[in-house]
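Take a look at the structures below.
In the two assemblies presented below, chain A is common to both, partnered first by chain B and then by chain C.
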Partner chain A sequence: MKSSFNKHLIALLLIITSAFVAKAQDTRIQMNSLDHLAAKANQTVDVNVDERLMKLAARLFSDKDEDELKVKKLIEGLKGIYVKSFEFETEGQYVAADLEPIRAQLRGAGWTRLVNVISKKEGNVEVYLQFAGEMVNGLAVLHTDDKELTVVNIVGPVNLDKLAQLEGQMGIPDLGIESPKAKKKTNEQ
Partner chain B sequence: MNDDYLWDKTGEPDPQVQELEEILGTLRYQPKPLQIPNELTLPQRRNYFPWVAIAAGVLLAILAGGIWLSTRSRSDAPQRQAEVTAPAPVKEVTPSVPKTPERKNEPREEVVAVVHKHRPRSSTPILSKGEREEALMAKEQVMIALRLTTEKLSLVHKKTQNTSPVNQIKNQHRVG
Partner chain C sequence: MKRIATIALLLFASVPVVHAKGDDFNSVVKMIEDFYRVKHVGIPFLAKAGMKVATTAARIKGGTARRLAEAGSIKLAVFENQEFNGDFAKFRSSLNQALNETWMPLIQTVAAAGEEQTYIFLRNAGDKTNVLVITIEGRDATVVQVTLSAKNLALLLKDPEGTGKAITEEATLIDQE
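What follows is the complex of A and B.
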């Protein structure tokens, strides 16, 4: 009787622990703290594509069109894309405290700040990655400018090489990233 | 002669009446308990209530099933329509299969076989109208998100490539 109770207790503890681990591994960033800025913003972009919608959208990308196929391959396996972007008419429409809940999330749960660009002209851009072993399991980009605030969160295994391959296609700006092979070829020439 | 005897048995009795009384008296009502013969058995009254209840239950289930099926078929109507017209879109989806007149003249069985060949190849099942609209919106959102992401990454790349004293770039910082 007692051993059965112990077994149940251990199972319960395992379930609770796994739930906490799963929660900790969740790379989705809660951006609700920024919602109030929409009222002040001149232009707002709010993208919420969860896993179900991602799969649904993936069906519409053609396998025959090379560009669309690249996007399809990129978003395959992703669990969500979330974006909040605000463009303001004037400066000072948001304060650092507005971003604090997001920064607090990026400080924990295995996030790594890959790049932090500080530019007087174009604002600050921070790129965060979350790793699951060797794999990138999440991407977050934080762009703060005097008149702009953008937070991008891609949940799931992000293939940065494939993301780089999208440059200059389907309205996606040129990243100017050269793959190692291409670089080698240009050097040989 | 007095008729009183006939009416209330008073007065002098009439011998003929008395004789008639004796004859008919044997048929007079004699009170005695009813005796039901043993061989006579009354049929048992059956209780039909459980059967009626079961039948009503089955009927209700059939009715409910019918309503559910009809509503389901109504909601799936566009999808069904798409399924009916499946052979034509299959050819559109796979333009590599030439639409030759010979193929048109082939027997019906072979056309069906072509459709069966294509079904497993297409990984995208037909979407209903609602799903397609949702998928279109999702696709648009995905593209907006990717544009924004790559735009920001492009900015980062530009800044990390062209480092100037104004720009401070800090790479590979572990936060937390």
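What follows is the complex of A and C.
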């Protein structure tokens, strides 16, 4: 009887664990499909701050040093930051079909596009969050312009405020996204 | 430029003497040589021997190299005035494959159809971090490996491109002095 209960418990734990693993994998956007654009691009930037690096930084950074503490707080809880960015000399170097594999992932379970995101950046900026219940597991930004294409993927608990803080740091380009806090302040004035 | 110089000074002022681990630095230099059929200008640049190495390096290159010697463990290979013709995508792929097991890629930039390439990799070195910066620019290339303290790793993570450039510029600057 006890043995049967244990077996069921182990099976249940395995199911829960694999569900969590699947969820974590889903939050990471696969961007390799864009690699062929590098040959046409004037400039390509690839940023890979993976979980190993996050853990290393979290272990090494001290709470006593101001610079270290700032970065430590910024990356707290995050499991990865990935950026792929292309700048082209002329227009029309990429088409909607090039972005389809990325969009297909963002149509997947848990991903929701945020509306009313204000960005000072030229072109079109789309922000997506991946929810697990009320928790945010990850974020993706798709910036498309005539001569520019950027995909940002942050894995872990993140929101627009944190994204705004991370802009221009850790290899994340300046997307000019207005954080909700800043917006609230402007509205109050 | 002033900012880069400040970061560079901060970086090198506090880097202690640490032996470089493994032979990945040499493998990368060899890989560049084989892939692009070029040859590097070699200086045995481990700063273990302090000013003695600096003086030797200075004599070879005609500069003082003081800051670099004080910086601790630094490996540097320079490729000067050579042709870097080749498929940059293939080069990047080979490089990533070769370093994948022990190094973590941080940032990789390619511009002007492969004429400008920068690769920054990190590796855990106990309470410090090894950083490998590979830069190809026109007819020149540089491979620099340094050991960073946590404080300097924080700077690198905050501004990978700027700090990576600072590492290479500082090494090259001293090399030219």
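Simple rule for what comes next: the second predicted complex is superposed on the first by the 115 of 189 C-alpha atoms of A that agree within 3 Å, B and C clash if a C-alpha of one lies under 4 Å from a C-alpha of the other, contacts with A are read in each partner's own complex, and residues count from 1 in each chain.
By our rule, a contact is a pair of C-beta atoms (placed from the backbone, for glycine too) under 8 Å apart; a residue touches a chain by one contact, two chains touch by 3 or more.
Just so we're clear, the structure is a prediction, and the values are computed from it rather than from any experiment.
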Partner chain in contact with A:116 - chain B first, chain C second, else both or neither: first
More chain A residues in contact - chain B or chain C: B
Touched partner set for A:53, first chain B, second chain C, both or neither: both
Which superposed partner A:71 touches (first chain B, second chain C, both, neither): both
Touching partner for A:106 - first (chain B), second (chain C), both, neither: first
Touching partner for A:42 - first (chain B), second (chain C), both, neither: second
Touched partner set for A:135, first chain B, second chain C, both or neither: neither
First, second, both or neither for A:61, with chain B first and chain C second: both
Contact residues of chain A, present in both the chain B and the chain C interface: 45, 47-49, 53, 56-57, 60-61, 71, 75, 170-171
Residue numbers on chain A that touch chain B, as the complex places them: 45, 47-49, 53-54, 56-57, 59-61, 71, 74-75, 81-83, 85, 106-109, 111-122, 125, 127-128, 139, 141, 143, 150, 152, 154, 163, 166-167, 170-177
Contacting residues of chain A [partner chain C, same complex]: 35, 38-39, 41-50, 52-53, 56-57, 60-62, 65, 67-68, 70-72, 75, 169-171
Sites on chain C touched by chain A in the complex: 89, 104-113, 122, 124, 127-129, 150-151, 153-155, 157-161
Complex contact set, residues of chain B against chain A: 124, 127, 131-132, 134-136, 138-139, 141-161, 166-176
